[in-house]
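Two complexes, one shared chain (chain A), two partners (chain B, chain C).
On to the complex of A and B.
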């Protein structure tokens, strides 16, 4: 019998199965996209919308306009303060900083905070605000007859440039953004050199047939999967407690004024995050180094190059793009970490910026977490706005990684 | 055989990869300024022997080498011999062209520089030109020295690799199937180049291509495997004798195409 006659091609069924496969893959992708869209919707929905605001004195009653208040002459602002604040309050302010010496900005802020005293009573997310504006206005008039309905963009420039505050209208994330940048910077400075050095050792020097090298490799792979809270505990034990003289800056006599000399500094947090991403950086760098073709190494060795010349002139330059991409992606993980920072002792409420490695600090995810835990609904809007800030930072980091990879792909062909 | 002192001599070479005995008891003498071809079926240890000559096998974990490779009367496996120096003096060209992802100029100049070249830019330029001329590539690339070496065609890339190898002034050039990844025209150019280079260098070439061995080499070593897949030398002699009047029946069977 002819062998070909025993085939049962059954093409329609095979094509049908292929179509089902395609549908499956497409739905998986679609699901992912839908979830992402839902996430974005959720955040944007919270970061903008209507709010019911009550003032002790309405700006209109004083003939003021909130958008132009800083343009008023300082004398008029000082007059308003003198008219509406008690002599005791004025004396306290004078003691802090004489009113004559304050700028128009500072005076205007004082007028808003102390004289007008806005208070957010309730907020509505973006979509209901757009769809049911009239109902919301009616509801506010009924529930809070003395309140005013205003459009609020919780994510705005002032939100980014102001420090944390317990007053939601004045609260901002500058401290948290700077804290996050310090943390990621310190983590990068720690993890990149250590990670690349370890990867070079493991890939180029360590003999894979030795049991302890295999043990090290296995442990690095396992460490990459250790929950971040464990790293937090490690950081607490090592950096905050054991190395307190170093991480607090006391050893260098570098404790700035107003900062307690304990180890809960941005340095401790950054080092902890550095440890957290170190295994990932090592693994990524190893992969990048392994991707450098053996033929390139052989070519260099065959010319009489030493191992170090081969590594320094050929392996590292050709692996650099991969190392940088991997490191940046690892750092973007660090940027979003909350748990280890809580353990290491990030401050949940802090109004001054980190100015040195020995500053107390907070970070964006900490700030978001802290705001979502508050009972007043307005803080949820702030959390959404801070999430936008965090996501933008992540996109910038990941975009850099994509760009580096694109550049590298274009310039090298093996 | 040449009367002059041989360029290199292998004595009782045995190579093991872990437990696998890859090459057994090879003894060979490579005459100076001649081309010696190593031919044989796949897996007979041709490349292993070649890579033992400039200690490239050291880079492979688990490899064990016994026996001697005498270069200028000195065993290159003696503990006081630095493999880095050996590889500078015994250059190598690989099967697949592997220029560095750098400019044509840098491809040639790099090896010179890392070997501690102390000279002016003009001297280095002259050295690069000389090497590229030596590899019959100068006329094709003199106007684009600063373009990437990877922008060249396969045959040009291989000649660039040869230029790179001769730029560090080796005494012996090892070639591991240097034309097997090239088209017939590029192959012929490489073969012509090998004949030119043989005036100054001793060349040892591994090849799968028997016509190539017959065309280009002065001496031929035929390797084969035994039943344990261990490679060994079957016959060595002047190329003409190996191809017209082999002494060993296995050589005859191979060159007439009856196996391998």
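On to the complex of A and C.
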């Protein structure tokens, strides 16, 4: 019997319980890490792997190798097109852009798309592809005797640089990435100035004992908790419908006849996201402004500066890093938002890049949503690849915020 | 250089600063914008909901014209079968809308022809009469079917699915988030916390659509393998709920941690001095002392779970279904709004207006929870000032 047990008979049991408590809390925390790992594993697992591909004409039959096809001389590629396409098809192609003027890349793509015509029949995730390669090959040979098993990296450079396509092999996310950048840019341009202005008012000007100032503050806190889809409904009603002449660009004559997006433009989407992140920007900016010590303000006042001079020359420069960090974090929320964009009317299928605020648009999260919701499993692979692209963008954005915070801490003057 | 004192005083006198006044006005306007946003949300939701509740629905009465009708006829011969049409009711035959003035006998209707901009035209015998009705508030809040095609608009299946998903989410997030918060605030060394906090931040920063992909392609297959594919449907509330729970866990954890850290150390020291173990101190002293803060965290998390959209849109199923079985597919309020607005709907259809009515219910629910949580936090702050 140890000393503790002699001191009190309950003690060993209580200590045992305390140890179990710690184990419980630790495992809960560990579980969080496991979930994060599972999430990342699941995405990587989907973005790479084997695929059963059927070609109308196999590259091997033509003595071609897909990896070196772009290195072939253009004459040979033109010859292949001439040999395998009907005269009508060739004429159509010539009309779009004469074959002589097309680059080797374009010709190679035409050969693959029009002559070889690959079609994905089935796909396997990364881990089974690695562990059961032989079984998969056997299964493909049995189920699709005319198909070829190929390694596919769904997330690759061409995936990032190609526009959307209904053919999973050719589909890419360039349009979606550009759409996301436009959206976040517009959201930043609206939310940053408005948010900082509101934060300055609330922190530097507003008297707390006035009821409307308290109302504004409570209201901002509540807006931060409104579900994002409600902002989508607001954006639909105000930007898409009520302000259609503005957001469609018709008012400015910026849109050529016949291609108007009816207010379902990247501008409407960006403004909606701007409103969505506005309360977060305000709250973060308020915190940054509040962190500036009062002694700085008092020193400036003592030298005879006016209120605005104090704010502009002393408070804002010192709060800038905090404001930027908070804003970037808010924008990373905007980058990942999907629901409001669906409601505002993001296009699900467009192949051309957004070129102005009045373009139709799609965004990375929208693409992920669309591809995940498709019944064909091959689109899940594309969703995984697009998720990687989105997570990388978020990582860069958050990394910037962390870096700014770090720089600011080092050069902090108080 | 000597300047009279009076002139110096003159120069130093407080002057009206117009530019500063303008700047202050602009800043105030920016603050006011947030109020306008709220007003805009309430106004648009209410307007759309009004459109929904006043939208005419045409219900088939199974009563038909008993004989051909000419454009100028006002006494319509109708079959005896079908639902009764009371005087004053508005009926539709083909494209023409007419009002019933009187019902002289069960097989005749006295009507006023060509109402609401429609033209009185000839109709042939055998055409069905459609009776105008509207969605009533009672039907909206008490009926358990949501089938727009048949004019059934009871929000309960959607609310039920939302609450089921939120309940499952909280069953995951509450114990997990609370345990993490206790670990971080009571046990973890500062260095450990420095490692763990970014993990939580990353979990909180993953876009919800990626969580939706995770739910559909990882959690659902896992559930189906564990519990059997015949029990768990491909789209089900359990999978969506679990992942929503994972999504709100970081929120619960960080808000709870703040609440636990706000408990003064003197309380912990007093407990240790009485011989309490660390677990006893945490569970019997610190957690009760932080209770209102924890409650606030919990309520905010429920509100987040109710408003969460993409996870349920992808994993919970696309069709209203009144069921308490978590392994069945059922559409939530948010999932329904996304599905309806993602389709091509004309702006004056009742389906389109229904998203505003659902949105209003959603807004009121989340706003109520958020206000409640803020009130609790405000009271909590006073406790340990």
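Methods note: the second predicted complex is superposed on the first by the 382 of 414 C-alpha atoms of A that agree within 3 Å, B and C clash if a C-alpha of one lies under 4 Å from a C-alpha of the other, contacts with A are read in each partner's own complex, and residues count from 1 in each chain.
Keep in mind that, in the parts below, a contact is a pair of C-beta atoms (placed from the backbone, for glycine too) under 8 Å apart; a residue touches a chain by one contact, two chains touch by 3 or more.
Note that the structure is a prediction, hence the values are computed from the model and not measured.
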{"item": "A:318 touches, of chain B and chain C: first, second, both or neither?", "value": "first"}
{"item": "Which superposed partner A:38 touches (first chain B, second chain C, both, neither)", "value": "second"}
{"item": "First (chain B), second (chain C), both or neither touched by A:330", "value": "neither"}
{"item": "Touched partner set for A:232, first chain B, second chain C, both or neither", "value": "second"}
{"item": "Chain B versus chain C as contact partner of A:305, first or second or both or neither", "value": "first"}
{"item": "Touched partner set for A:108, first chain B, second chain C, both or neither", "value": "neither"}
{"item": "Chain B versus chain C as contact partner of A:201, first or second or both or neither", "value": "second"}
{"item": "First, second, both or neither for A:394, with chain B first and chain C second", "value": "second"}
{"item": "Superposition-derived comparison: chain B or chain C, residues of chain A touched", "value": "C"}
{"item": "Chain B and chain C footprints on chain A, overlapping residues", "value": "306"}
{"item": "Interface residues, chain A side, partner chain B - complex", "value": "207-209, 293, 295-306, 309, 313-314, 318, 411-414"}
{"item": "Residues of chain C that touch chain A when the two form their complex", "value": "17, 19-20, 23-24, 26-35, 37-38, 40-41, 44-45, 47-48, 175-176, 179-180, 182-184, 187-188, 196, 199-200, 202-203, 205-214, 216-218, 246, 249-250, 253, 277-280, 282-283, 300, 303-304, 306-310, 313-314, 334, 337-338, 341-342, 347, 355-356, 359, 362-363, 366-367, 370-371, 374"}
{"item": "Residues on chain A engaged by chain C in the complex (per definition of touch)", "value": "14-15, 17-18, 20-22, 24-26, 28-29, 31-33, 35-36, 38-39, 42-43, 46, 193-195, 197-198, 200-202, 205-206, 213, 215-216, 218-223, 225-234, 236-238, 241, 275, 278-279, 282, 306-308, 332, 335-339, 342-343, 345, 348, 365, 368-369, 372-373, 380, 383-384, 387, 390-391, 394, 398"}
{"item": "Residue numbers on chain B that touch chain A, as the complex places them", "value": "54, 56, 59, 61-62, 84-85, 87-89, 91-92, 94, 96, 98-101, 110-111, 114-115, 150, 161, 164-165, 168"}
